Amino acid sequence: MRSVILKTATRLVSALVMVLAVYLLWRGHHAPGGGFIAALVAATGFALVALSEGPAAVRQGLRLRPSHMMGAGLGLALGSGVIGMLAQRPFLTGVWWPPSGVVVGTPLLFDTGVFMVVLGAILSVLLALEET
Amino acid sequence: MTNLLIYPILLPFATAVGSLLLWRRPALQQTLSLIGSAGHLAACLFLLAAVVQDGIQVLAVGNWPAPYGISLVADHLSVLMLMVTGILGTATALYARGEMAISLRSQGFHALFQVLIGGISGAFLTGDLFNLYVWFEVILMASFGLIIWGQGRAQFVGAVRYVVINLLATLLFLLGLALLYGLTGTLNMAHLHQQIMTQESHGLVTAVAFMFMAAFGIKAGMFPLFFWLPASYHTPPIAISALFAGMLTKVGVYALIRTFSLVFLHDTATTHAVLLVAAGLTMVTGVLGAAAQNEFRRILSFHIISQVGYMLLGLALWTPLALAGAVFYLVHHMIVKANLFLVSGLSRDCSGTLELPAMGGLYGAKPFLAVLFFIPAFSLAGFPPLSGFWAKLLVIQSSLEAEHYTVAAVAVLVGLMTVYSMVKIWIEAFWKPSPDFGPDQRAIVPSAWKIAPVCALALITLCIGIGAEPVYQLADTAARELMAPQVYVRAVLGGAGP
Amino acid sequence: MMAISTHNHRSNPWPGRLSALLPLGLLVGLVFQAPRIQSGRPLALAFEWVPGLNVHFALLLDGVGLLFALIITAIGLLVTIYADAYMVGHPQRNRFFLYLHAFLLSMLGLVLSNDLILLFVFWELTSLFSFLLIGFEHASAQARNSARQALLVTGCGGLLLLVGFLMVGQVTGTYALSELPGHAAQLHRHSLYLSILMCMLAGAFTKSAQFPFHFWLPNAMAAPTPISAFLHSATMVKAGIYLLARLHPVLGGTPVWMTTLVLLGAFTALWGAAVSIARTELKSILAQTTIMALGIMTMFLGGRSAPALTAAMTFLLVHSLYKSALFMVAGAIDHQTGTREIEKIGGLARFMPFTAAATLFATLSMAGFPLFIGFIGKEIMYKGALTEDVFPGLAAGATLVSNALMTAVAATLVLRPFWGQPRKVHPSGEAPWQMWIGPLLIGGTCLGFGLIPDWVGHWLVEPAVRAIHVTPVDVELKLFYGFNTPLLLSMITILMGGSFYVFRRWLRRRLSQLLPALPITTEGLYEGLVAAVISFAKWQTRRLQNGSLFQYLVVIIGATVVSVGWVFLGSAPLSALWNPPEFPGWLGLLLIAMLMAIGIVVQARSRVLAICGLGVIGAGAAILFLVFGAPDVGLTQILVETLTLIIVAIVLLRLPPIEPQPDANRLQHTLRLTLSIGSGVLVSAFLIAVTQHDVDRTITTFYEQASYIQAHGRNIVNVILVDFRSLDTLGEITVVAVSALAARALIRKKRSAP
Amino acid sequence: METVLAIVCGCLVAGGIYLLLSQNLVRMLFGLIMLSNAVNLAIFVAGGLTHTQPALIAAGDSVPGASMANALPQALVLTAIVIGFALLVFMFVLFYRSYEVLGTTDTRRMPEDGPARAYPSQNTTTRQEMGP
């Protein structure tokens, strides 16, 4: 029933969705987007895959257990705060690198954490629901 | 700047993260959770020491100064609450280790538990009203997960009520926040204090204050908003209901004390008068509700309501002594009530049920358990020299000094009815010979994991009772801080503010 | 392993036996203090306890304290010895001694406290241990109920007492008992005096079983007999008397004090004496005469003359001695014969000679025969009664009648049981030595004290009276004061008592017909009150916590809307709120669509339709966000709506269709409509009122300025989320994660279930 | 402008409360969704609708030039939306499982086990009379 073409298409769609999500996440600091929106977009994509292909496909595509993804995301967010503490600053103080000409900073790390938690959470529920 | 303030939030959250990452290793999760709880307790004690030594501590999270960023503020009230949170968190974590089968404790239980502790700590520490809302949500969501943990039939019935009513409270809180922001343009509580005190349109602020009173009142179990509590607290596993009984309503009480001693001070004649009436009715309704019950945990649940009334009374009277009474009551009550729930669990282990008519004979069979019940129960009933005596004394004394004799009379009457309820449990579960019938009499031997925290909490009750002075001094300092919000405001906003 | 052990039936008797050393040591120590106290130099000791509340751990040993303390320790010692035999083989005997001596210490603390709050602490502790001891035979429902009754009655008084103490502290600024007499005038004049007095009397009267709170004492006889002898005749019930004595120089001497105490005391005395005649069970008789004795003491404390107070203190000593002895005897009889009904026993003297001798001495003292301390007590009593400031005649009369009745009772207690014809029940011989040595010693003391009244007066009574009388007095106890009215009255007492004894059967018959015929008793009132409160509680709880989520929500929403609305209406000028809105037409269309969607969802019979309606609402909100400059919010809203739809598609369609719901009744429907419209209107009006002012944008301005320069981001909303207010976001993602965990646990459990 | 939106909020609240009082879990769920929407909108409205320019700093500028929409309420609404979403997802699942366990969506048929639980009446006879 599941044709190779459909499978490939799904792979493609999910890859595209992920790329879009990462893009939204990256640009979120300067333009509409950010961790939530990215995660919601990605989750919608995976949800569509799960609806069409079944949850197993998503699990396979993810490689990361949703609970681990949530844990890692939350850890990342906390960790980005701890970096500020390591720099003798209050928790969650933004630290930017390189100090001249800003490229990346802990807020981006934080936003990535947000992304992972939200995505992991939605997928965790969706997959569990689908699997019942 | 001191990052000491973040540890009570950070440590439980980190523990939760750890237990999520150890998803497939329940034993490791368990160990980690216990370590995390102990670490949280230690962090709270360190913070307590810091505040006692150096006064109010403030942390501008993200290094953004108040009122722009979110500030964590630790004054005496906060650290006292935190200390008890640490104690109860550790105690219930130990108890849960003994109570629940490993299968129940895996799969996210520890994460929920730790997040709950972290959320409660956050609520006690934050100096920002919207941030308080977020911590409330954290607490709420974790408690949703925990109250249904185990998924018994009765738990679903209780959880539906718990969830719906608490969500309503949350939405009300958020609506109030929206309106308050519209009126003042700020969310920082110290800044709100300044803004409201300098504003003319007080009527609208008072109306918003009532919205907050309702929202927090639901959380605190205030009359007539308490219905979710007796409907649900007797359903989850013992360790969870003990933690809830000790902590959750008290977060609501804390929020009421915080907001009505810092933010909404412009019209105490109205707000605190309403609080006074509500407090009296809360006391009476709760204690009457308890008198009508025949199940161990349901009696205890209704007593939470009546005791919350005492604390609100302290707030409503609005004198230093009364507030000190409220704070003392909080500390005493959290420890004692959680302990009573834990004891109810031991009693269930020993007699197989919590329905009083089916219980009995524990006094002869388990004298040590009888002692463990006796201490918190009679502390709750206000017998000297246990902690509850001083709490009650403070509240009665302050209502006498404020010349609210009716209120004092109500407090005395409610105290007497509390004695009645505790004696009822004592007589039914301990003195009465064990009846021959019983629907599910399957006694088990409770493990040391469960007995140890109960003993520790009983010991603390005893210590607070006999050595009341240090706790009273802390409560008194807390009350004086609350009565003089300028100190808090200055600590948060610095000299002038924006 | 569970440390909670199962009970051991063959418990070791030695812990209990050795515990007798405690009262012995204390007694010896106290005796050595007597000379010092007699010479008027009280012994004081004070530590800070809760200085913040002005509460001190302050002890003071003065005359009245010493009298009580000696009674407590001496009788405590004998009772401990007695109980060693009485409790033999009881599975919980060690627990018994634990409670007994804990009580003893509390009682000692009570009479030695020099701080009102400390006194209260011990006061409540004695109630608590009394509770545990009355309910000691906890397998019996009667014992359990009596214990509860005693605790509630004394606990109620105790709480009022606390209120009284706090008010005293508030008026005088001190809790120190030794300083309070200095504040007496201030207290007497204070507007709170009457309240304070009533609270104190409530405490004292409940503890000392005065009418109308007397009923708990006879019921407390459910306790083991050593307890009845110790707590419920000699010590705990005297705590109220002690308190009255202590407070006499502080609150006493006013007309209301005197009237209340004399009237209630006299009534209690007569009542107790009369009821005791009607009883045939040994402990019950003794309990009633205890009530009578407590009444007499209260009555004398109502006076302010030296003889009245002397009478109170002397009688306290006299009564403690003979009553504890008689209780122990009652227990010995019970122990040997298995009954305490005096109609069933007779001629015990030949089997139990020592017990008989002890009984004889004690009853002679009780009846007030010459040469016994009871006789001296009686003389002083008449003298005291005649010097009362209020109702001296009543006092003398009450004393006379109750003394006469007591003489009759004394005769009843000793003559028929010990010297009458043997009855059906035969004792198995003399009681173990532990059980007669105490009564015999006490009986001997009754005689001995009667022979050396000067000595007793000098060492025991005078220091006590001095401690509670406003001015220093000399007390002289004599066997023979000369021919005077008190002597005459004493003679009359014995004659009257004799005739009462002769007619006791007739009296008992009449009284036992009369007493049950009383329309109300205070015990009945108490039971009725408790039952009424419980049924009210049940009714109220059934009404409030009735399980209906609908009702809960109605009450909660109603209370909120009413309270918020009431303040709101009082604050906002409503007319100023309405300014005709201006908005573009397309927006109007959107809003109309949203309103229609609301209507659809509210009325929907089909889930799909309702979900579509919700979708329209959500999308409408998203468009509003987008239009009003919030692209992030708008995007999020759209995405959330989509995901919600997906989850709804999975979950909701597994739920049953929404049944068309007939509202249960018209009232419910009206409530629903009123509340929903009311809250809607309130929210609208409130929002309009709030938006009348421009928002203070100080904080936003800071964000706008700092967003790029300090936080390196151009999307201010995102910068707020991940930097300025990142703690919010941290909490928020935690909520999301926890929600997923909780939901997942719910779903998983289902899958694993069969 | 605000007035109209305020009225829409009020209508949402009214509809939400009406549904919440319906005693049917599904309808109550709808009611809570509506209330949640209403509150989010209320935050937005109360924060002021004076400007419609998104709160973005144009590339090249370091501070915003023209006046723009109030960013703070937007951030608050975002947080509230996501939290509300998380709560609603849990409620979905809870109500669904309640239906499965309790067999009904009608709250009237979910009684709390009240005090009136019947036990055989206990008389005062005791199993073990003890004492001397």
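Per-chain residue numbering starts at 1, and chain names A, B, C and D are given in the order in which the chains are listed.
Assume contacts are C-beta pairs under 8 Å (C-beta built on N, C-alpha and C of every residue); 3 or more make two chains touch, one makes a residue touch a chain.
Bear in mind the structure is a predicted one, so any value in this text is a computation, not a measurement.
Colleague: Which chain would you call central, comparing Cα centres to the global Cα centre?
Modeller: B
Colleague: With chain centres set to the mean of the C-alpha atoms, which chain is at the far end from chain D?
Modeller: Result for max centroid distance from chain D is chain C.
Colleague: Nearest whole angstrom, what separates the Cα centre of chain C from the Cα centre of chain D?
Modeller: That gives a centre separation of 44 Å.
Colleague: When the centre of a chain is set as the mean of its C-alpha atoms, what distance in Å lies between chain B and chain D?
Modeller: 22
Colleague: Please tell me the distance, in whole Å, between the geometric centres of chain A and chain B computed from their C-alpha atoms.
Modeller: The separation of the two C-alpha centroids amounts to 36 Å.
Colleague: What residues in chain A touch two or more of the other chains?
Modeller: 30-32, 36, 67, 70, 74, 78, 81, 92, 94, 118, 121-122, 125, 129
Colleague: Which positions in chain C are in touch with at least two other chains?
Modeller: 91, 139, 141, 538, 541-542, 545, 547, 549, 553, 557, 631-632, 636, 640, 643, 647, 651, 683, 687, 690-691, 695, 697, 699, 703, 714-715, 721, 723, 725-730, 732, 734-744, 746-750
Colleague: Can you list the chain B residues in contact with two or more other chains?
Modeller: 13, 16, 20, 61-62, 108, 111, 130, 134, 137, 141, 144-145, 148, 151, 160-161, 164, 168, 175, 179, 181-182, 231, 292-293, 433
Colleague: Which chain D residues qualify as touching chain B in the complex?
Modeller: So the residues of chain D in touch with chain B come to 20, 25, 28, 32, 35-36, 39, 42-43, 45-48, 72-73, 76, 79-80, 83, 86-87, 90-91, 94-95, 97-98, 101-102, 107, 110-113, 115, 117, 119-120, 122, 126-128.
Colleague: For the complex, which residues does chain A have touching chain D?
Modeller: 30-32, 36, 118, 121-122, 125, 129
Colleague: Using the touch definition up top, name the residues of chain B that touch chain D in the complex.
Modeller: The contact residues of chain B facing chain D are 130, 134, 137, 140-141, 144-145, 148, 151, 153-154, 156-161, 163-164, 167-168, 170-171, 174-175, 177-179, 181-182, 231, 292-295, 298, 355, 357-358, 433-437.
Colleague: Which of the residues in chain C end up touching chain B in this complex?
Modeller: 1-7, 48-53, 91-92, 95, 117, 120-121, 124-125, 128, 131, 135, 138-139, 141, 144, 147-148, 151-152, 155-156, 159-160, 162-163, 166-167, 169-170, 195, 533-534, 536-538, 540-542, 544-545, 547, 549, 552-553, 555-557, 559-560, 563-564, 567-568, 570-572, 683, 686-687, 689-691, 693, 695-699, 702-703, 706, 723-728, 730-732, 734-735, 737-739, 741-742, 744-746, 748-749
Colleague: Any idea which chain B residues touch chain C in the complex?
Modeller: Chain B residues touching chain C: 13, 16, 20, 61-62, 64, 67-70, 107-108, 111-112, 115, 118-119, 122, 126, 130-131, 134-135, 137-138, 141-142, 144-146, 148-149, 151, 160-161, 164-165, 168, 172, 175, 179, 181-187, 195, 201-204, 206-207, 209-211, 213-214, 218, 224-225, 227-228, 230-231, 270, 274, 285, 288-293, 302, 350, 363-369, 378, 383-385, 389-390, 393-394, 396-397, 400-401, 405, 408, 412, 415-417, 419-420, 423, 427, 430-433, 445-448, 451, 468-469, 472-473, 476, 498.
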